[in-house]
Amino acid sequence: MPRKDGRGLDELRPIRVTKDYIKYAEGSCLIEFGETKVICTATFEDEVPPFLKGSKTGWITAEYGMLPRSCETRVKRNNPSGRTQEIQRLIGRSLRAVVDLEKLGERTIKIDCDVIQADGGTRTAAITGSFIALAIAFDKVKEAGIIKSIPLIDYIAAVSVGKSENRLILDLDYSEDSSADMDMNVVMVGEGQFVEVQGTAEGSTFTKEEMDKLLNLAQKGINQLIAIQKQNLSGIDF
Amino acid sequence: MPRKDGRGLDELRPIRVTKDYIKYAEGSCLIEFGETKVICTATFEDEVPPFLKGSKTGWITAEYGMLPRSCETRVKRNNPSGRTQEIQRLIGRSLRAVVDLEKLGERTIKIDCDVIQADGGTRTAAITGSFIALAIAFDKVKEAGIIKSIPLIDYIAAVSVGKSENRLILDLDYSEDSSADMDMNVVMVGEGQFVEVQGTAEGSTFTKEEMDKLLNLAQKGINQLIAIQKQNLSGIDF
Amino acid sequence: MPRKDGRGLDELRPIRVTKDYIKYAEGSCLIEFGETKVICTATFEDEVPPFLKGSKTGWITAEYGMLPRSCETRVKRNNPSGRTQEIQRLIGRSLRAVVDLEKLGERTIKIDCDVIQADGGTRTAAITGSFIALAIAFDKVKEAGIIKSIPLIDYIAAVSVGKSENRLILDLDYSEDSSADMDMNVVMVGEGQFVEVQGTAEGSTFTKEEMDKLLNLAQKGINQLIAIQKQNLSGIDF
Amino acid sequence: MPRKDGRGLDELRPIRVTKDYIKYAEGSCLIEFGETKVICTATFEDEVPPFLKGSKTGWITAEYGMLPRSCETRVKRNNPSGRTQEIQRLIGRSLRAVVDLEKLGERTIKIDCDVIQADGGTRTAAITGSFIALAIAFDKVKEAGIIKSIPLIDYIAAVSVGKSENRLILDLDYSEDSSADMDMNVVMVGEGQFVEVQGTAEGSTFTKEEMDKLLNLAQKGINQLIAIQKQNLSGIDF
Amino acid sequence: MPRKDGRGLDELRPIRVTKDYIKYAEGSCLIEFGETKVICTATFEDEVPPFLKGSKTGWITAEYGMLPRSCETRVKRNNPSGRTQEIQRLIGRSLRAVVDLEKLGERTIKIDCDVIQADGGTRTAAITGSFIALAIAFDKVKEAGIIKSIPLIDYIAAVSVGKSENRLILDLDYSEDSSADMDMNVVMVGEGQFVEVQGTAEGSTFTKEEMDKLLNLAQKGINQLIAIQKQNLSGIDF
Amino acid sequence: MPRKDGRGLDELRPIRVTKDYIKYAEGSCLIEFGETKVICTATFEDEVPPFLKGSKTGWITAEYGMLPRSCETRVKRNNPSGRTQEIQRLIGRSLRAVVDLEKLGERTIKIDCDVIQADGGTRTAAITGSFIALAIAFDKVKEAGIIKSIPLIDYIAAVSVGKSENRLILDLDYSEDSSADMDMNVVMVGEGQFVEVQGTAEGSTFTKEEMDKLLNLAQKGINQLIAIQKQNLSGIDF
């Protein structure tokens, strides 16, 4: 039995990246995982939050939002939920894993991920697209002579995997996600290690064996996403 | 002395409309006035706010937001200002002027205008685009048999005019708007009457004669905007 | 057909001003437009908001509130609406038009307008009364030697006009305002130019010809209001 | 050594009551204790809060606010403090002591006390004035046939007493209150019993003997306040 | 007729104190008045609130909270009521009465009182326990050499008294409190003077004679509470 | 090199459970993982949230809080952070995995986890203790005849594992947690499957091999925790 949209079990949705989507941001892109569309921007600020003042260390922070009609049912504006908080903490933590914060110095990059249309996998699209916006922003401030080199250590991307109708599948869309017994969001760097593994069953459980198979599936998807990042950032060295 | 972008004093910026931009909304478009980009959606709800329960009358309401990096300087998320409140009240009031609320019956249309990129004139783009989203939504629910006919009375569009560097100009972009001595937002219907005239001087004043000239300029721009609306809504009769 | 209270179409309600109504404020008055009663105070502060620090320029800001039983139906306390925001922005903007902010220097005047009883025209009474409170406050701090001269450029007053039951009328009371097809708030300076024109139809439209007649009506009312301001401020020169 | 304003130790400030001060409220007055001015209104509602639904018992609730410039130093608008909460709970509790809530039936009276000018004793003026507004409101709804009789049991009034500069004094004004070692707010009914005694030392203590003398002083002031209430409510029987 | 739990009219519930209950706080205890359990902590901060900067004077402030299931019916989390505000103001004011704030210097002690289980008298237990936490904290920072001597002037404790079923009783538990005609919270210092007397009738009144008897009852209870404080603070001199 | 507190790498801290700690809650316990102390209560409500009305399905929801001085540095009261939101969502989701929500019917259990003292592992202690409170509550309402049988499917417990100073360790205390390169919270049921695996690196990454070893370590700890749950719930059958 094929997936509704005809994809193979281990196949990503079509991935599209539009670089420099917002003219005012230091770095930006529109990233699409199939029908999921997220605008990612990176804002450079020449200061750090109070808890880092005097530490000679920088910071990456992220915010995540959804337009009211990005979903089938309109969501209330300006009403961030617990889910929102989890996602923006996850995005920030993931990006910090590939940034040399001491090399960045006492500066902050604020990532904004705004979901224009949500069809599953918004947080994984947001992490994957934010990395692109971040790299563009670093390149821009380096060109402007504000930083000397790009303080990136590695690429980073994210994808969801899950168990639905007894099949293990890659990159779940909304209909697959809402009927899944469990799903797992995996964040990996270019070198192949994990930064985050969040496996969650809702009204169900999962075994070690299933988890191992899903991690393999995620690895495959993330390799492809990082290849797309590399194409889009071809002129930027780090 | 020409305008910075080479436009004539009485010339609109390039206007672009992308219909059905968001798949979940009953009606939607992306509208662009030059570099200003606004996503407009119309959500149909089969109920009215409490103050209209039992009135056999419908309602149109609007919300307006800006993505954090839609501006040169990042704006705080989820932090609607007094300006936001003014604009969303203006959008709702304007659209209600061309809807037969009794014919709509006890239903509500919620308009969402989200500014993706702001380069002046976001409220006039929002009104102009929202009318398109509204008409599409009405057409869709009519096709679905939920309403019998489209309860629209007329077209409606909006444009800004103002006095800047001693010249009277049409459709101000951000740099013109921020240096203007006064500006006026004008909302007109297809038949040529006004729904709203908001002339505002900041640290200056204006005469009756200037106001008359600006209203003529606005009329010219609105005629063009309504022509664009008609093209985009060609299959929808009311 | 005469107006309910017997006034002519172009007649203001009885206007009363009680100067120095609140002993603690640098300037204050109670202003009454018929049954509409507003307490206006002006508070002098020897600093400016952050965005003006170092600019050698002052600021005028305003807040507007209604006592819970200032209205027929009790309004919730501490619950400023979008309407409140619009009005306080309008009051501040209007007063700034007649203040030489550079001459004021880095000081702020905070205007508070509190509606004790609301019978239509609260915002126009508030603007008209706030100017009196402002002038008294400037006079007081000048007497105290804190400023050298009064940084006022002109008088300023406001009045509403509208179309109701097919008649164009001046200074609408609440019952006229709530049944009007359109109304317009006009703010003018002593020299006769406009600072603000806000014409708004609710569920209706208006023509250029109607607008012209209404502006004439407004001019007439504002001339009378400024004459009353002059009487009350007779000892204060600028 | 006389008091600053020449009063005797056991003398009230001049008390003034202006009945029916706000035309929309069911009952209202402006009450003045010297320079302290409070607008009190009573709003009748034909329902009770959720916790009393079905109880056949009514409710009296109160809110208290201060205009921003009612004080020497401007206070922030819409920013009720802990002190505000204490005062409005005290006003409600006091009035409920003289209302037969079962006789009132499932109705609520909302009291609003808004301080126009604060010179000490705002809470005692508020309680004393609110009783007048409450009695007028009951009389009005009785006249309208909504209730059969006025559900009042007794008069109620309040006054402050305190120890300042080693003297025991009645009805402290602001300068006396802020330099007092301790002060006590006393609420009594016409029959002479207490409803509330709140004696509070700040950075000091007080003895039983001092407390007894202060309660006598309070009794004297409250007798006078109730006499004034009776004059103002002369036509209302209960 | 004995009290439900067999106590005499003038008998306290069993009082238990567990010192140093929370390892991180400078001072802490768990205090139990029968089934009422309150965790009190004292946090030392080497600065004062803005209004005391430069005054060479310290400050004691308090916060009070209830765990959601400290009550028979679950209370909403993070939702402080007017009652909460009253209680925390009372705790802070009471403790300040026995602290020499000038001797403390520009430091703040933050008291936190968290009710684990509420069976009446939480505010009196909180005051009584907070004094113990405060004294332990002062002793600790004195031992650390941060202050030279303990800036305490006297002991302080609190108890409730009230009239229930026509009897005057000491230390009301929840069932007694909720059926009482009036209750009074009394705060006294070791030397026998009052700091606070809050007598409150709900739907009732009380006489001077009743008040006098209740104050005697309170004195008796407070003497016992201070004896318990002295046992628990035996090694701490001031 | 041993752990600071002398524990083996695969050793839990001393675990203590005090059942029925709060008398008002349907189910409650105090659970201690070493110095970490959490009060868990379960509140039974005979209704479900709006999104489940009419579904014949129940719900388990959770809230999590910390007392201000549960931490080394005082945390602000009533100020839930993103971290709080994540934890309470995790607790609710975990418990729902072992409850047969259809068998529960349209009822809600509200879990409250309040951290009295925090020394690492508060979320895992909260999940482990909440299960005990939940089972006690189910038993109590079953005894009362409100539900016919206990709708539990399995036991559930949680523990943290992590990599610190190049060693893989079980049940991290605060000092270990704050110096760890990565940590993982694992939630498992009695049958041995996972409900949640949250592996998170902060400024670091981890390999598949490390993850496998940590999951083994977690399994070992969870087996011991479930044995303790069984002892404490020995009289309750499901």
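Points to keep in mind about this one:
By letter and in written order, the chains are A, B, C, D, E and F; residue numbering begins at 1 in each of them.
The rule is simple: a residue touches a chain if its C-beta (ideal position, glycine included) is under 8 Å from a C-beta of that chain, and two chains touch if they have at least 3 such contacts.
Predicted model only: the values in this text are computed from it and were never measured.
Of all chains in the assembly, those touching chain C and also chain E are D. Note on connectivity: the fewest steps through touching chains from chain B to chain F is 2. Its C-alpha atoms fitted onto chain C, chain A is found rotated by 120°, rounded in steps of 5.
Using the mean of the Cα atoms as each chain's centre, the chain most removed from chain A is D.
Just one of D-E, C-D or E-F has an interface built like that of A-F, with over half of its contact pairs in common by residue number: D-E. Inter-chain spacing, taken between the CA centroids of chain A and chain B, is 34 Å. Taking each chain's centre as the mean of its C-alpha atoms, chain A lies 60 Å from chain D. Rounded to whole angstrom units, the spacing between the C-alpha centres of chain B and chain C is 29.
Look at where the CA atoms of chain D average out and do the same for chain F: the two points lie 52 Å apart.
Within chain B, contacts with two or more other chains are made by no residue at all. Taken as a graph of touching chains, this assembly is arranged as a ring, one closed cycle with exactly two partners per chain.
Residues of chain B touching chain A in their complex: 22-25, 28, 35, 39, 41, 43, 63, 65, 67-72, 74, 77-80, 110, 112, 114, 116-117. Those residues of chain A that touch chain F in the complex are listed here as 81-83, 85-86, 88-89, 93, 96-97, 101, 184, 189, 191, 193-208, 211, 215.
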